[in-house]
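Presented sequentially are two complexes of subunit A, the first with subunit B as partner and the second with subunit C.
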Partner chain A sequence: MTLEPADIPLLEVKNLGLRYLSASSPAPILHDVSFELGRGEILGIIGESGAGKSTLGNAIIGLLAPEFQRTTGTIQFDGKAVGAADDSGSSNVRGRRISAIFQDHTASLDPLMSVGAQLEETILATNETLSRRDARARALELMARVGIPEPDRRYRDYPHQFSGGQRQRVVIAIALAGSPDIIIADEPTSALDATVQKQILGLLRNLVEETHVSIILVTHDMGVISEIADRVLVMRNGRVVEQGVTSTILEAPRNAYTRGLLAAVPRLRISKPVPEKKTGRARTAPSSDCDHKSPTVTAEGVSKAFSPQGLHWRPHQGTIGFALRDVNIQIARGAITGIVGESGSGKTTIGRIVAGLDTAPAGKVTIGDNAFDVSQNGRRTGLLGRVQMIFQDPAVSLNPRMTIAETLRESIRFGAGLAPGEERPDMMAMMDRLGLARSLGDRHPHQLSGGQKQRVAIARALLARPEIVIADEPTSALDVSVQAEIVQLLKESITERNISMIFISHDLALVQDLCSAVYIFRDGRVEDSGPSDFIFSQSRNPYTRSLIDARPHRFTH
Partner chain B sequence: MALISVAMGRLSQAFLLLLVMSVIGFIGIHSVGNPVFNVVNIETATPEDIQRATIALGLDQPVWRQYLLFIGNVVTGNFGTSYIYHLPAFGLVMSKLPATLELASIAMLVAAPVGTVLGLLAGRRNGTLLDRTILKTSVFALSIPSFWLSMMLILLGAILTGWFPSGGRGSTASLLGQEWSFLTWNGLWHLTLPALALAIPNIALIARLARSGTIEVESLDFTRFCRAKGLSSRRILFRHTLPNISVPIVTVIGLQFGGMLAFAVVVESIFAWPGIGKLLIDSIQLLDRPVVMATLTFISVAFVALNALVDLFYAVLDPRVRLSA
Partner chain C sequence: MKAEIIRVLGKPPYGPTLTLSKIVLAAYVLLALAAPAIAPQNPYDPLQIYGWEASSPPGTTGSGGYIYLLGTDGLGRDIVSSILYGLRISLLVSITSAAIAALIGLTAGVSAAYFGKWVDVAIMRLVDLQLSLPTILVALIAIVTLGPGIDRIILALIIAQWATYARVVRGVALSETGKSYIDAARLMRLPTSRIIFRHLLPNSIAPAVTLIPIEVGHAVALEATLSFLGLGVPIDKPSLGATVANGFQYLLTGQYWISLFPGLALVGLIASINLVGEDVRRRLDPRSRSI
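After this line comes the complex of A and B, so read on.
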């Protein structure tokens, strides 16, 4: 894939060092970073959060806050030096020669301006000689180029009218507007579903081949790197620990940290579909047979329509969408049941309905021996503490004003129902079990790392002595290495206490690793279900197959 | 259609509001005192005179019947006759409207752009000397009482320098059958100080809102993306940041404008500006119930209308409101 190296690299970063000028932490954030980028090359920069990879990207495009100061080294773009901080020199380069794509496609676009206008203004800003009409023609051409169907019709649409994948395509179109030499893509697919991610990566690859643009791909996801990067730069704590050709790094990493990163990636095991005999039982009637013991939670016939919000200036057109359509699930006692689906599939909604945090106009939820009508709120007082939730982002699910000990004590008192003063032994035992130092009890959430916060969230759920834990993407806000630890902890503590768990995730490998049974959700329906082994190796459901195939191949065994 | 149902909902809310307001206003003014003593000459009136006046004003009836009578009259468009001026009450309020409307409008026309631009600049230069100066001045401008501000303006602008008159409307010109000061140079000259007195606190309020909005919006990814795409920072500020911060600003402009129509009493009194606020206070003091009720009704309608305008603006500005499905 790599083109023959030119005499002068397009971009050359030499011994770059950066520090952050702030009263509290003058710590350096980049040390001695050196690399080169050739024309038409995709360079992956990988590392965990805090590794300095985004800072490096911002330094190249000149978008760093003025508090950042370059201490050493140079950035040479096309033979000329570029400033690291936000100065006028780089704004000549910005948009025209180097542009960027950010992770959050929703936040990258101005919500109040039509996508056509945003494209047009970028084209005009990077090319003053064009007339408005030419700019419009070029904008339409770019929209078609990145694969937006019917650009003429979508031109006046606003960002919220596009799906996530299409929004990211618009962002890519804007990044291409100035015909740049380099695109810095900062986690361009992390906010997208697996199948969409695959399409976007394919689009980037095509763009490189057709236009010879170079891409610096900043990511934490080894899968993305393996999919499209020509070369990789592994970063840790502001330093480059290893760099080289992608296949070499992935197959024979020399650095221990790289090896750790690679090992921590959950891998999907796909055995070849076994010939017909084996357990015919599971294959013929998967949905009712996926639990071996009596179910502890069942949801029957749960349906919910999207509730329209806001002012309506036009009458409703077309059909009303369904968040859930006649969903039936059974959660086996003492086991982990996975619910998998892409965003908007209803997987989170069903979890919230089971937990009593959301209502649905139709359906029934049974927890243990109690049956509940799901159409009403506030009906779960009798169940207090029996069902607990672990949310995706511990940074927002913990009360920022309460210390860790206060949060945990609250759970023990109001969940497990212990009297004040009796919480201490429980709390200490749990903190020890989950590897939280006792001294953390006096801290507030913002003083903890992401992994520590999620441990606290798990401790809070378990301390209420629940029968059922619903974990909604509990690891997707965490770095891979931390993710592996948290998954292990969840697994152990659930089995130790004989708790039933619903594990909601978009990550197939994680679900396969953890869950004994799986439900695959799509557009508010249960698309496929069955024992985990069956689903991942033998399911004939085309949607299930497409989800499995969307995984980067290097990480499926 | 959805739009009609929204409008109907709005209207029924407005009627409910008017009803509640009229009950509160009616009971309130009833419990302040008996207006008869402001109508007859207390020193010379005989008990018979007072009795006759009471019957003439309908004050001998129980209060609920007086209220029903009032509502009945209002439905037919009649707010009654002022006890004091012996003029139709609603006409009296309307005759004060031009003075109030032009004062409030000019104050807001000054305050909204000045406040927004100051806020945008302060937010953009977050933490600099300019930002800190704007922030501190705005705290000061918001916390000084309006009577003191008005008197300082008179002291500086009228007494010490003699640049502006200290009160009155000055000469007016006729437009649409009403007299307006802003149409003559002399009238504008008279408008300056009271409009400033009303505008200064609003400048401060709007600047603070615009500043915090700017800081928030400019920390979002899309403004960073705008810089990455090579837009100039001026274009980002006015074309992207400004629309995105304008919802709270317009809300506050609507509320404050309504407030100025109704409750600019202090400023109107100090500058002897014959507006609605001054009329309301005078009428309450004189227990001139028809005028009080007419004024309160006008104010309620004005607030409802302003809020509807603000909502309409949201829909014009934000496609997510306009096209929500």
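After this line comes the complex of A and C, so read on.
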């Protein structure tokens, strides 16, 4: 670190306490938070949702809503106190010397302004003495700096013409416009795919090395922290539970909560040669047996074009692109098969087609001995309902107006076909099995935590007594410490019922942990496939390799 | 000063204005319900009307032994009683039509969103057609086609109003349809009617329900307009609007009270419904809660 011994720290937060003045009762948000940030340092702030990490970031930058009230402590920036509620000078400090990058790169940019104009505007706002011509030159320089190819040509392009990763680069360029001392990056890569995430983190690291800017990186992802942070602040319920140098925290965490967070991160094993499967997973077929086992689900030749948006009297002329191109997959009976891919790879689409929720103009799905036409004409052939799904975001997968018991009873009555009034034993047994207190039955979804909601979603899927379950990113909307529990529960309850499962995920380590076979999707095609052990240790497919390499190294062994 | 203007004009009613409109509206409803008990005269009963006392000015003592506080109309009917009975008709027509229009509009909008494709196209083009014509014109065409009568005017008002609900609810239902709890319901093979009425409708209904009080206000005004044009309720059972229309021809001869007082009653009714309706909307609609 470049912090000179004699220097006072660039940013010093001392005993900061904040509370939220709501209508009912003032709720404390931050307790006694203290830390220092040196010049050219990357400080990671990690915690789960509700830990107060974003509020802390906003307090430093001075973007807190008026309902937040500082109860204790000080924030010193470059030796001067900032961030007090009555401090009118803070906006000056904010724009020029502390800037911010937010998670949602789409919302951070004005869709009706070219990126060049947005950059220029920010540059002029932070430095009034510059001429337009100089501002433009500086904008081009910044675009090149953040790695946007051909800045001259892209200058007049609008945000929608850029990919997600490039948009986030533009946001970073805007944050750099005022040559800030500190950049507060709030989940800067959470909305990006793994390979892009790695590039953006690399860019941030380079910026720090070359310009000595300091970065406060707010995230929930241990992987991101391990990649670039110099020091870490672990937060929980508004308190700092542990802070220190990243490698120390990762290797020897002292706090139990930090240990839990670290243990919850799935780790990728790429050691070759592959050892024999351990006992206790006897039902999982050894890789070589996979092909001999009769597949319970197959999808053959499934192709689907992106449907044109809006209403058209006639089918759209000309094809825009393919969501799926001639996809063939086989799901072994009683096993868990993984489908991995980045966003837009078609992994969710194939899941929805197999479940009968979506149609495809070409292709066939076979379940057991029954073949189903997945085209529009075949909608009534009864594919819908053979497969149950567990969806990504439990916040929207449960009807907010129905109680938990009503939701589960509906599944038993309509999904499994039991007569009304006979649902109770099934429901109670399932709630007990999934660790849901029976008293939750009378609650509505908004009264449950994310993990509880996802348990209800699993219960709903299993109570319909399906042969096949498709889980579409079932943990990515959950906090890290809950993810492991949910995955474990899902795995156990699937195997003990001898149900086959398709597990759709972007997380390689999770898929490796759960699945006996893997399909890797890319741009609507099956890019690579095979037994899990083979894919992760021996596959020579360059795309598969790049996915594995994109994993933070600390969580790969 | 600027803040003051925004406070008065830019925000929904609150404080004394809102309290007053709540009291006024409650009084209207009570008066309408109690009309047969408290009205000095039943204006629908020819035996209680004294034709020779037509167009008496306010304050005249009538043959029935009571004072015509607001005078009588050209047929000798007591204006106070006409207002009380007219209120009943106005409220009956507007509340019934707004409720039924809401029911039809909600079902149509949710169905359009859920089924999509040609169902959506058919319903929403009908809505577009409807909303591209002035409401009064739609109601006029309907009433001319259907003929007179209280049931007919209710029908006409329903035809004129359902489209607003359908459009509002479709947008919400469309985003709800995309949520995975609807997918989950489809995977359970729930009957379509159950998906629509048990899952989709309850979650899409809120913004449209907030429209109902405001639409009741519209319906009162619309009915009054139709009646004023002589196309509304039958002449022997006048609503407020019809009562105003009855006195219109006497305005030039100085008998202002026949139109003026029912007109004021009408203005008070519509204003109080709109103000209270706006408050209800503000309370129910989460999107405007922070304003």
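We adopt the following convention: the second predicted complex is superposed on the first by the 504 of 557 C-alpha atoms of A that agree within 3 Å, B and C clash if a C-alpha of one lies under 4 Å from a C-alpha of the other, contacts with A are read in each partner's own complex, and residues count from 1 in each chain.
The rule we apply is simple: contacts are C-beta pairs under 8 Å (C-beta built on N, C-alpha and C of every residue); 3 or more make two chains touch, one makes a residue touch a chain.
Predicted model only: the values in this text are computed from it and were never measured.
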Checklist entry - Given the touch rule stated above, what does A:122 touch, subunit B (first), subunit C (second), both, or neither? => result first
Item to check | Partner contacting more residues of subunit A (subunit B vs subunit C) | outcome: B
Next on the checklist: For A:464 in the superposed arrangement: first (subunit B), second (subunit C), both or neither?
Outcome noted: second
Item to check | Touched partner set for A:177, first subunit B, second subunit C, both or neither | outcome: first
Checklist entry - Given the touch rule stated above, what does A:104 touch, subunit B (first), subunit C (second), both, or neither? => result first
Checklist entry - Who does A:519 touch here: subunit B (first), subunit C (second), both, or neither? => result neither
Next on the checklist: Just checking: does A:61 make contact with subunit B only, subunit C only, both, or neither of them? Give me first, second, both or neither.
Outcome noted: first
Checklist entry - So, A:257: does it touch subunit B (first), subunit C (second), both, or neither? => result neither
Checklist entry - Between subunit B (first) and subunit C (second), which, if any, makes contact with A:357: first, second, both or neither? => result second
Item to check | Touching both subunit C and subunit B, counted on subunit A across the two superposed complexes | outcome: 311, 313
Checklist outcome for this item: Residue positions on subunit A within touch of subunit C in the complex are 311, 313, 352, 355-357, 384-385, 387-389, 391-393, 396-402, 410-411, 414-415, 457, 460-461, 464
Item to check | Touching residues on subunit C, where the partner in the complex is subunit A | outcome: 120-121, 179-181, 183-190, 194, 198-199, 202-203
Item to check | Residues of subunit B that touch subunit A when the two form their complex | outcome: 1-3, 5-6, 220-222, 224-232, 235, 239-240, 243-244, 311, 314-315, 317-325
Checklist entry - Where on subunit A does subunit B make contact in their complex? => result 61, 63, 86, 91, 94-96, 99-100, 102-104, 107-114, 121-122, 125-126, 158, 160-161, 171, 174-175, 177-178, 308-317
